[in-house]
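Note that chain A is present in both complexes that follow, paired respectively with chain B and with chain C.
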Partner chain A sequence: MIHNKPLIFGALVTVLLTILAAFLPEHRSELITRMLIMALFATSINMQVGRAGMMPLGQAQFFGLGAYAFGLLCVKGGLPLSYSFLLALLISLVAIAIIGYLCLRGDSLTFALLHLAFNILLVTVAAKWISLTEGDQGFTKVPRLDLFPGNFGFYLFVLLVVLGCYILIWMIVNSPFGKVMQGLRENEERIRFLGIYSKRFQLVIFVFSSLFAAVAGILWAMMQKSVFITYMSLILSAEGLMMCLIGGMSSFFGPSIGAAIVVVVSTLASTYLEQWQGLLGLIIIVCVLGFRGGILGGKRGTMGL
Partner chain B sequence: MKGTGQVILSTVNISKDFGSLRAVDRVDLQIEEGEVRAIIGPNGAGKSTLLDIVTNRSHPTSGRSYFRGSDITHLPSYAIAALGVGRCFQISKLFAGLSVFENVQIACISKAGKVYDIFSGGDRVFESEVNGILEAIGLKAMAEAEAGYLSYGDQRRLEIGITLAMKPSLLLLDEPTAGVSRAEGHDLMRLVKSLAVDQNLTIVFIEHDMDMVFKYADKISVMHLGRLMTTGTPDEIRRNAMVRAVYLGEQVA
Partner chain C sequence: MAPAQLLCQFIVGIGGGMILFLMAAGVSIIVSGMNIINFVQGAFFMLGALMCYSLSQVLNFWWALLFGPLAVACIGFGAEFLLRPLYKKTMLYQLLITMGLAFLIIDGMDAIWGREIKVVALPNYLNTTTPILGLDFPMYYVFIVAASGLMAAGLWLMFEKTRLGMIFRAIISNRSMVDCLGINVKLLFSIMFAFGVWLSGIAGVLMAPIIGIDPEGSMDILFAMMTVLVIGGLKSMKGAFFAALLVGVINAFGSMFLPWFYALIPAALMIIVLLIKPQGLFGEKEG
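The block that comes next holds the complex of A and B.
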């Protein structure tokens, strides 16, 4: 019974979004695609924050890493798209494993700060290694994987990839592994005294979560047909956490709702308001103080989503 | 029951310094399989620190510890737990935001080696094992309650349940009856004692309540100022003049 509710919710939202994407004018339908990708990014963060009690302050580094790896492989490397996609994931995986291993050397505060530090480091590399990345200018002509033709076709492609990722994440958080993730969030020492090597367990969570962020980054590069330094900015890292906070970290779909709100507000408000990030801050304050645990909040996701 | 003569846990010349303070001083402790051992001593005698060292929550300054003859001095806590050493803390360490059921379930998942299983459904996994344990610790009716909202005594029970799910051969309890009503304390100790008998579990418990100690322990070790003063049966300890002076004397007089 508990399981049906999110399933129905997910199906309804998918249908609704697809109708919107099909019938909205082009410059608006892209908004739907943005929402989907950011929702995946936010959900990847929440695997750590809401489920496992880890605080990845620099998640955009892996979003950006995916985007750069993919963009460079196909634009500068001239590789076919599907190879670029897979190879970008592989490169991300290696980097994620190394960064994760190093971030998990200390306690949870050390983890959060090292995570942020690696984000700063990667941004600096991307900005200064101009011969490779074009620095602050970024580079364009990143191709889309044209599984289906046209803009709506690209929406469908993104939808398929994001749905696939959601199904995987859903499996992970609802498996025995997912139970232990919750235990980790509640009491790491008890986890250790149950015979579990908690650092290694955290590393596995870290790899899953960061890989999904990399997938989101690759999709984003395709959508924008370009790669910019902002894809791994600290602001994006912070926005991702805000999405989780606004939507509710204790529920599966909360961060996605948060992502949709942030995307809509930032896109619409930025055309009218110069300081849209101020508005975003206001929304967070209202959500945190007004909803107690986000829009879909409640201590254990009272809405069951 | 009394020990079988097989030593399950031993420490050799274990010491622990906190700066200039010697919290544990050259302790040689030997626990035999199947016995219920109480460790008593005034506050600051080094009892909890000794358990911390054995489970490597804290590293000894010198000395070694052995479980079933193999050296566990430098094994990490999770590896010692996996060998079959269960630990309950002075302040219960639970998954406070999860249900009673889930608390025990996570332990069952670990015991079965399913920690990295992402393919099966997790919600009702190990349901019958969990229910069996909840039955044994008398928390079946509370299965869906949030662990953090349980009474103090029930939290103790739950922690014992979580530890039992790991099927340990040695259970270390730090003041199991502290902060619990007298009746509840006796219930808890009866539970612990029956486990020792039924599952051939070896139990080491730290306790301040002398009623509990003399009633439920097979053997008693007395610590004072970091040193292990003596070990004996409840009768021997009751008669020991030195013990009466430094410890029981303070309590009775």
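The block that comes next holds the complex of A and C.
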């Protein structure tokens, strides 16, 4: 029974969002598309943070990697959309596997710092390799994959992809494999004593989680019809972690709610006042000091990160 | 390339490196003392630069050099109270709160000083050039190297020779023991934090006349400093010193002789160090 509650919740939210997206004016319905993509990004981070107790400080690098790979393939490479989508995923997968293998060689602090270091490296490449990436300018004219026509059609497409990813993530974290992950979070040493090679499990979860971030990046590039250096920025990495914290890291849907809040706050605040990141900073300080469990957190103490 | 030009570029590199060192030293003190990686340091750097901008309009550059960092340190002293409940929590929360603080301070600076990029005028006698091997060299870089060199020496002296430095070292090696000896560790943590932030403020004031001051750049400076800190070893001040000089010189020469990918060297170096010797070039293994 416990397992049914989040599923019902997810289904209800999906229906509600679709109704909203169908009837809201265009610039508001795009807000919902943004929420969905960011929710996927935050959930991908939480696969590592909340479930496996790892600290990915630079998750935006894979978000940006997906976006850049997709954008470059179809804008500069002139490949058809579906091919670029798949090829972008493949490129991301290779990069993720290499980076993941290297990141996981040390202890958890080394993992966090290496993750950050690779983010710095990739963002420098994106900023300085101007002949390929246009540097700080970014490039536009990224096409959308039009399964269905119009803006609502694009929303439906995003919804389908995000739902598919959510179901996959749900299956992963609730499989026996997911249980090992939780064990790793609680007590890595003990899991090793059980004869489980912990690094391999962490690598697998790393690859899945980063791949979902890359999918979110590709969708984001389609939505914005452009690719900018900010997609890969360390600030986005930080924001992703903040989304997890605000919503609650110990629950499945917490990060999505956090993402929705951050998207709404940033959109509303940027129309009325300029300082939305300061507002986010304030929310974070309150969350860290006041309720570390986040909105869906419930009781603290079960998360020995 | 004439040797004079090489020398000039070398001094520019050392100057840039020394600035990174001042910031990294501040973070290094805070990490070794209280185990918190202070992501606000970049914002405090910019705050120092902005203080310099405002103070040098009212008073002059020298007063700004004195009071600017002090004002930043006072804000740091206050900020430390927010961190207090988190000392025993996981690193994730400490990172998040320092990032939140950084966002808050950056936007606060935007709100107070406005968005346009600001420039600080130098006092006349620093704004001259000095001939080095027949080449006109901006005096201010020599000043930066001298001033931050003095600071580095002062830091070393303070840590090795004064009572405060001794207590700092004691806290770094065994906090609870110091607590037992009747020393107010909580207060000292505040002082330590403010001291680390003060160093960052000095770096900000020193750099203010030669950069365009823009709060949005805080994070870039922070991550440049992070590479230095990690290459040298998080808890090693000596390591931060050599790593900073190395990165500074690489940046200065790289921008002259190499194509774009010189910019990757610091990050690549950081990755290599983490892979081969995670505690940093000069760090010591714990435990």
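In this text, the second predicted complex is superposed on the first by the 292 of 305 C-alpha atoms of A that agree within 3 Å, B and C clash if a C-alpha of one lies under 4 Å from a C-alpha of the other, contacts with A are read in each partner's own complex, and residues count from 1 in each chain.
The working rule: a residue touches a chain if its C-beta (ideal position, glycine included) is under 8 Å from a C-beta of that chain, and two chains touch if they have at least 3 such contacts.
Model, not experiment: these values are computed from the prediction.
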item	value
First (chain B), second (chain C), both or neither touched by A:Val204	first
Which superposed partner A:Gln275 touches (first chain B, second chain C, both, neither)	second
Chain B versus chain C as contact partner of A:Ile172, first or second or both or neither	first
Touched partner set for A:Ala213, first chain B, second chain C, both or neither	neither
Which of chain B and chain C A:Glu189 touches, first, second, both or neither	first
First, second, both or neither for A:Met243, with chain B first and chain C second	neither
Chain A residues touched - chain C or chain B, whichever exceeds	C
Partner chain(s) touched by A:Val180 [first = chain B, second = chain C, both, neither]	first
Partner chain in contact with A:Leu234 - chain B first, chain C second, else both or neither	second
Shared chain A surface residues [contacts with chain B and with chain C]	none
Parts of chain B lying in touch with chain A, wherever the complex brings them together	55, 76-79, 81-82, 86-87, 93-98, 102, 105-107, 109-111, 114-123, 125, 162-163, 166
Residue numbers on chain A that touch chain C, as the complex places them	49, 55, 57, 102, 105-107, 109-110, 112-114, 116-118, 120-121, 124-125, 127-130, 234-235, 238, 241-242, 245, 274-275, 277-285, 288-289, 292, 305
Parts of chain C lying in touch with chain A, wherever the complex brings them together	82, 85-86, 89-93, 95-97, 99-108, 110-111, 115, 219, 223, 226-227, 230, 260-261, 263-264, 267-268, 270-271, 274-275, 278
Chain B-facing residues of chain A, complex	2-3, 171-172, 174-180, 182-183, 185-187, 189-198, 201, 204, 299-300
